[in-house]
Structure formats: structure tokens, C-alpha cells
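You will see two complexes here that share chain A, one where it goes with chain B and one where it goes with chain C.
Our next item is the complex of A and B:
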């Protein structure tokens, strides 16, 4: 996919990043087909946050919508990055898992139901630590079940990005879509710096952070299936394309030998440059006979 | 987190509910639903303690102008006082 960042239409973009979770989810559906499940007026909020002096949000920062994408039954789960960093708590985790399980049940009954997960998250919500961890484990199980029947598409548009346990969910997805503003990684830059020092990773060096975790690098090294502009029609088009394509025969996360051999072949006695990695892994993927 | 509850007399029913905002830094979430009695009930949960007087002043001002019978839940994460007045005035109609 070409990146016409400075093309003539640049200023006419309709930013997707500037939309909140509910607006993002709505934008992905065929017009007029979306309905929200367990919305804010159902008041299913986190029971743990108020106890710890944190203002809860009525939908726990997790928007679930059912409807049609490209004419096919789909569910969209969108995390609100502005609320507690999009973190996964007991309620938001359960909402997401239940949505995927319902999609799985429908798919098994003969109505393949794709899932689109909008990840703007730092992972587990620290105030609900163990419950958040359990939620992510359940969620991974649900993704593995559903993806045999219908595609599970993860979209990280930014600007929070996708880190922590939820990056594992992205890793299990049938397809991953990113913008170049977004970041995807297991440990966030601040966490790495905090644990291993500024010599290991300088989280204030944005060029470095994006050269490693950024959408462009993830796409160029084959870890992401589509790189889109921060433009709503482009995002919608990419999601529609993957819904229509259906679940892939071989998921990225099943290619254990491929990725193990890539890591195994790296000479770790010297520092690798993100650009070198692009050349190496892009060139390699052709010879390795990747699908 | 501080919880504040305020009530105002109302003169008319409101036809539908509305939801706006996010509990994100410098922002807030507002849920507005038709009330059962002729009173406007406002429930506030705010992450910033000690601004009860400001909340009352903002809401006194708002309800001096609007008289709908509503149940209003505000989940606040540090919104500035002037914003609610502007934002709600548009939503209220």
C-alpha cells in the first residue's frame, strides 16, 4: 500500500484518530446497521475504580457494536484510549470476551460474524490487576476460537497505540491494521526505560520509538497487514477488505518456525538498525515462501 | 474522587436521552435522561476534590436558564467549569 502522505488530498482527510471510541466503531459499519450493546445508559461500570478514588466511565471505556460491514454480520469492540489509557478491567474485558463469544456462537450456527477490535490500550488496568490479566487470557482464548470461523481484525489507529497484554491479542489476530501514528509493542517504551535504563531505550526519543514500534516499521517488517492514513474512508476500506477476505488459511501466530528462525538468525552481538531489519525481513519473507 | 448531588426545580418534561463525552483528562462524560418527577437531579463524580462551590455556581447558572426535568450524571476528569455550560446549552435543546 503506497503512503501518499503529502498528496493533494492530504488536507481533506477525515481524521479517524480524532474520533472517540463510539464514533470510531460507528464509522466502520455499513450506514444505519450499527446498534450498541451494553451502552452507557445500561450503567455497567467498573465496581473497583470508585473504591480507589478514580472516576468510572459508564461503559468502562469499552464500546461494543453489532451490525454489518460490507454486508456481513460483524461486531466491533472499541477501547476508549482517553479513559484510563484504554486499560482492560474486569468489565471492559468481559464485554469484549462476551462479544467475541457471541460472534463465535453465531458463526458456528451458520452466520459467520467477523470481529473488529479497536485497540488503544496500555494493557491491563493496574487498579484491577488480576482481573485484567484474567480478562486478557480469556480474550485470547476467544480470539483463537472465533478466528477459525471468521476473521478477527485488530486496528490500532493511535495515538495511544497497543501495548502490554493486548499486544498479544493483536498478535493472534487474523489481520492487523495500523496508521503510521500508531505504535504496537509488548513492553511500552517507558516501561523498558524504567526497567532497563535509558541506555537500553530512550522513551523520550520519539524518532527511535516510532522507528521500532511505529506502524510503518511494523508494516515494513511484515507484522502488520495494512498501513493506512489517518483518514476515515481509508480505514473503513481496509477493514471492509479484510472482512470480505475472510479468515486466512494460516494465521501469522501459527508460523512459529518462520519467526523463530528469523530471531535465531539474527546476530545479536551487534546493534541492529530498524532500517536493516526492514530489508532483511522483507527480503527474507519472499524466499521463505510466506503466504 | 468527590461526589456532589444537586437538585433544581423543573417545569417541563424532556423528550429523549443524550450522552456526550469521555472520562479523559480535561474532559467529562455526561448522561442526560428524562426524569420521573418535575425536578432536575444532578449527580457529579469528579476526580478533582474541593471544587463543590464551583460546580454549584456553574449548575445554578445553567438551571437559571433551562428548566427540563432530567436525571443528569456527570463523570468528570478535570473539565474546566466554563465548558459544561457551553456544551450542555447546545445539547439541551
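Our next item is the complex of A and C:
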């Protein structure tokens, strides 16, 4: 799936990355089925930003849409990377958690409702600090509830990527979809450099950053489930496929024995070439490994 | 940052379990033990510093790859053992500086390790285990998401050495382009930004603030008091739902999380519309 659109068709690609959160969310639904909930006209914005001199946004940088994907009830929550770096505040966080809880309630009542979470985020919004961190913890709790009944699919397309506490949400997901342009990691390169020095991580070394956090590496090491081009039809197809597939019997984050033994086997006396990990951790063993 | 991170963790782990060594095969940075709490055996877990740990960026009490997978292993073991029996309580003792910030950690996907530990705690809670978190020192950032934040009930000491926050002061100041002094001043006005545990308590996320006379050298009375509070929190957790909704239904949340409550009521109404 990954390369067929390169070459002559390259210029005909419909970029997904260039879409904003609302356009991205809309694109994922079956045509004409999407309905936005708590949109900008409802004007539920962050109560904390204005008092710090930061202009709030009337959807708090989080778009919630309900509709059908591949004919099945679904909800999409999309973080807008262009607003405060897609950061999790009280309102954006609660929008996500409440949407997943409603999907869970419907699923339990007999309408399995998948959730697709579009992650373009650096994690907690520091102006809302503890409420942002709490929102992530509560969202994680809701992912654990819903994923037993319907798949929770995380998509990080770029260019913000997915970092901080929200990377744990991706870790809990039933399926993760990435593009080559996207990055996924707990600590961003700048944070590591700040905390432990440039020898630990040179954040200006973009090749290194993508070699570690980039979609291609995460896919090649079995940590995400699909790698797609920055092409809207490809992204849509990947999401539809996972909605149709339903929730897996064993989630990646529950495969503790497999990953614990992999960590135990690593030589920690040196830094690794990320490519080494591709042979040690193959995609197949990660998705099919047993608890 | 306190240079004594982990001292309180070790002290309270020992006080509550009588143990202070890791389980065979586990890294020295993760203490786990069964111990009597009330009339039953609870599983106690704590992450402590190990200056000789395998991962250089996780030697000072940070929660790293090994710590996260070890916590997950021990919790999953308990879940498996108690499938058809009474769901024993889990007590997470928290004095964790942060998650581990390292290149090895990112390469080996610490985001997944972190999720695996949170998954184990959350799955234990959903399976009916009362999961109680006792914050005795620092509970910062990803460290707390990994170890403690999935609990049914969170207790913390009402003490200047206790801090629950999204990011430590120096880093938060850098990222928001403020001085530490400015940040502290803002915290006085904006409750979720405050580093003071009493302000944190106002957010309605805590089950209880506990006062102990000497958190670094607890007396027999202090320890007994904390044990009694844990027993009460376990009973309270058993009496309620297994999800995290109690945090948003608390008195504190009614006052401090009006935005969250508004989102929830509006979204619920619009969700049901055709």
C-alpha cells in the first residue's frame, strides 16, 4: 500500500496533511454522514487562556464529529495542531473523553461505535497544566473502556506529530496509523536535549529525529499498524479497514511479556542505530505475539 | 527539584509492607510486595532510584522502560491470579520525578511501555480491583500517568514535599517562556497551574489529603493512620463504579471544572439529536 502512488501519480495526490482538523475529520466519514458536535458556534472555549493573555478558540482546538465510516457508527475527534500545538486543555480534553464515553454507551447498548482520534499534539497545554494532565489520564481510562467493544484508532499524519502524555493514548489504541511525515514518541527531542544534554539527543539532527520517531521506523518495528502516504484516499482506506476489522482480541499495550523480554534483551551500554531495532522487532511478531 | 526523590517512596514502602527489596528478576528500581492491609493482602508497588540501573537516563527515580514493564507485569500477574477470586487491592506508592528522558527510551518506544503500565493499572481497576494511589512525594508528568493516575482513588500527603504537576517548574518556565518566579505567581491565580498540593486538591481529583507529622520519618502512629485511610479508600472504591467518573462528580470539580461539565452536558445532548 505504501508506494503505489509514488512516481507519475505523485503530483495528483490529495494531501491529507494540508487539511485542517475539521477537513481531516470530515474526509474520514462516508459522504454526507458526518455531523459536528459542540462546534465553534457553541462557543465552549477554554476558561483559562484569556486570563493569561492567550486568545482562546471557540472549539478549543478539538473537532468532534459523529457519523458513519464503512457503514458503521463512528466518532472522530481531531486535534487542531495549529491551535496551541494541539495541546490538551480542560475543554479539548473533555470533548475527547466525553465523545469516547458516549461511543462506549452506544456500543454497550448494541450499536458498536468506533472512535478515531486524530493526534497532532505536544501533550499537555501548560497554561492548563494539571487539568490537561488529568484530562489525559481520564481519556486513557475511557480508551480502555471503549476498546473492549469497538476499535479505538489513532491517526497521526503530521506535521505536529504526537508527543507527551497523548503518546500513551496512541499506545493504548487498537490500531495506529501514521504517515512518513509524522512522529510518535513520549518525549520530544527538544525536551530530551533540555533535560539530559545535546549528547543524549541533538534535537537539530532531523534525520535522527525521524529515524527514531518517524512513521516509517515505528511501522518497521511493529509499533504501529499501517503506514500511509500523505494522500487522503489512502488515509481514508486505512481507517475504513480498521473500523471494519473491529477491536483486536489482544491489544499491543497488553502484550507485556513480549515487550518486557525485548527490553531485557537490549544492550544498554550504548546508543543504538534505530535500524538495528527493525531486525530485532519485526512488525509480525508485535501484532501476533501472545501475552 | 528535590535531590531526595525516592527517599520517601522507599520509606513508605518499607513502612507499609515491611519490605524493601525488589522481587526476584525485577530491576532494583521497582519495589513490589504483598502486605496486609486491613484484613486482606494488598499488592504494593513503588518506583525508586537505582543509581546502577541498566538505563542511564532512568537512575534517579524516573519511570523508564524497565520500570513501566515491571509494574505492568506484577499487576497483570495479580489480575490473572484473581480471575475467579476476590479482587485484591493494589496500592501504588508514588514518589516519581518524571518519566525517563533518553534517546534509548524513545528508540525502544517508551510511549508503549508507559501505555502498558497504565493499561495494567486501568485494567485492574476495570476488573474490580480497588486501585489506590498514595502520593508521598513527587508525582510529575508522564511519571504519574504511568504509575498512579489510573487509580480509583488518589490520596496525597498535605505537605510541602508533595507535588503533583504536568511538568516540573524549570521546564514549564522554559516552555511557556516565563521565569520560575512568574510561573509561581501565575499559580496563585490559576489553580491548575499551581505547584501547591492544596491547590491541586481544589480540582476535585483527589480522594483525600492526609496530614502526617513526619513524612520522611513516619512514626508508628503516622503509619497506622495511613493504613486506616488506605483501608477506608479501598472500601470506598469497592462501593463505587470502576470508571474514573468520581473525579468529575466531586465537589471540587463542580467548582473548578465547570468547563468540563459544560462540555459533557452539551455533548451528551447533541449526541442524542438526529
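Convention: the second predicted complex is superposed on the first by the 277 of 291 C-alpha atoms of A that agree within 3 Å, B and C clash if a C-alpha of one lies under 4 Å from a C-alpha of the other, contacts with A are read in each partner's own complex, and residues count from 1 in each chain.
We adopt the following convention: contacts are C-beta pairs under 8 Å (C-beta built on N, C-alpha and C of every residue); 3 or more make two chains touch, one makes a residue touch a chain.
Keep in mind the model is a prediction, meaning the values are calculated, not measured.
Peer 1: After lining up the shared chain so the two structures overlap, which partner does A:102 touch, if you call chain B first and chain C second: first, second, both or neither?
Peer 2: Once the two structures are laid over each other on A, A:102 reaches chain C alone.
Peer 1: Let me test your reading of the model: by the given contact rule, A:57 touches which partner, first (chain B), second (chain C), both or neither?
Peer 2: The first partner, chain B, only.
Peer 1: Under the stated touch criterion, which partner chain does A:112 make contact with: chain B (first), chain C (second), both, or neither?
Peer 2: neither
Peer 1: Output check: A:200 vs chain B and chain C. Expected answer is one of first, second, both, neither. What do you get?
Peer 2: Second partner only, chain C.
Peer 1: Determine, under the contact definition given at the top, whether A:192 touches first (chain B), second (chain C), both, or neither.
Peer 2: Touch partner of A:192: chain C, not chain B.
Peer 1: May I ask you to name which of chain B and chain C touches more residues of chain A?
Peer 2: More residues of chain A are touched by C.
Peer 1: Quick one: which bits of chain C touch chain A in the complex? Just the residue numbers, please.
Peer 2: 54-57, 65-66, 69-70, 72-73, 76, 99, 101-116, 118-120, 122-123, 125-126, 141-142, 144-146, 149-150, 164-167, 171-172, 174-176, 186, 189-190, 192-194, 200, 203, 205, 243-244, 247-248, 256-260, 262-264, 266-268, 270-271
Peer 1: Could you list, by residue number, the parts of chain B that touch chain A in their complex?
Peer 2: Residue positions touching the partner: 1, 17, 19, 22-25, 27, 29, 31, 33, 45-47, 73, 75-77.
Peer 1: Chain C touches which residues of chain A in the complex?
Peer 2: 37-38, 42, 44, 46-48, 51-52, 64, 66, 90-91, 93-95, 98-99, 102, 124, 126-138, 140-142, 144-145, 164-165, 167-172, 184-187, 191-192, 194-196, 200-201, 212-213, 218, 221, 223, 251-257, 259-260, 262-264, 266, 268, 271-272, 274, 277, 291
Peer 1: Would you tell me which residues of chain A are touching chain B in their complex?
Peer 2: Within the complex, chain A touches chain B at residues 20-21, 39-41, 50, 53-58, 61, 80, 82-84.
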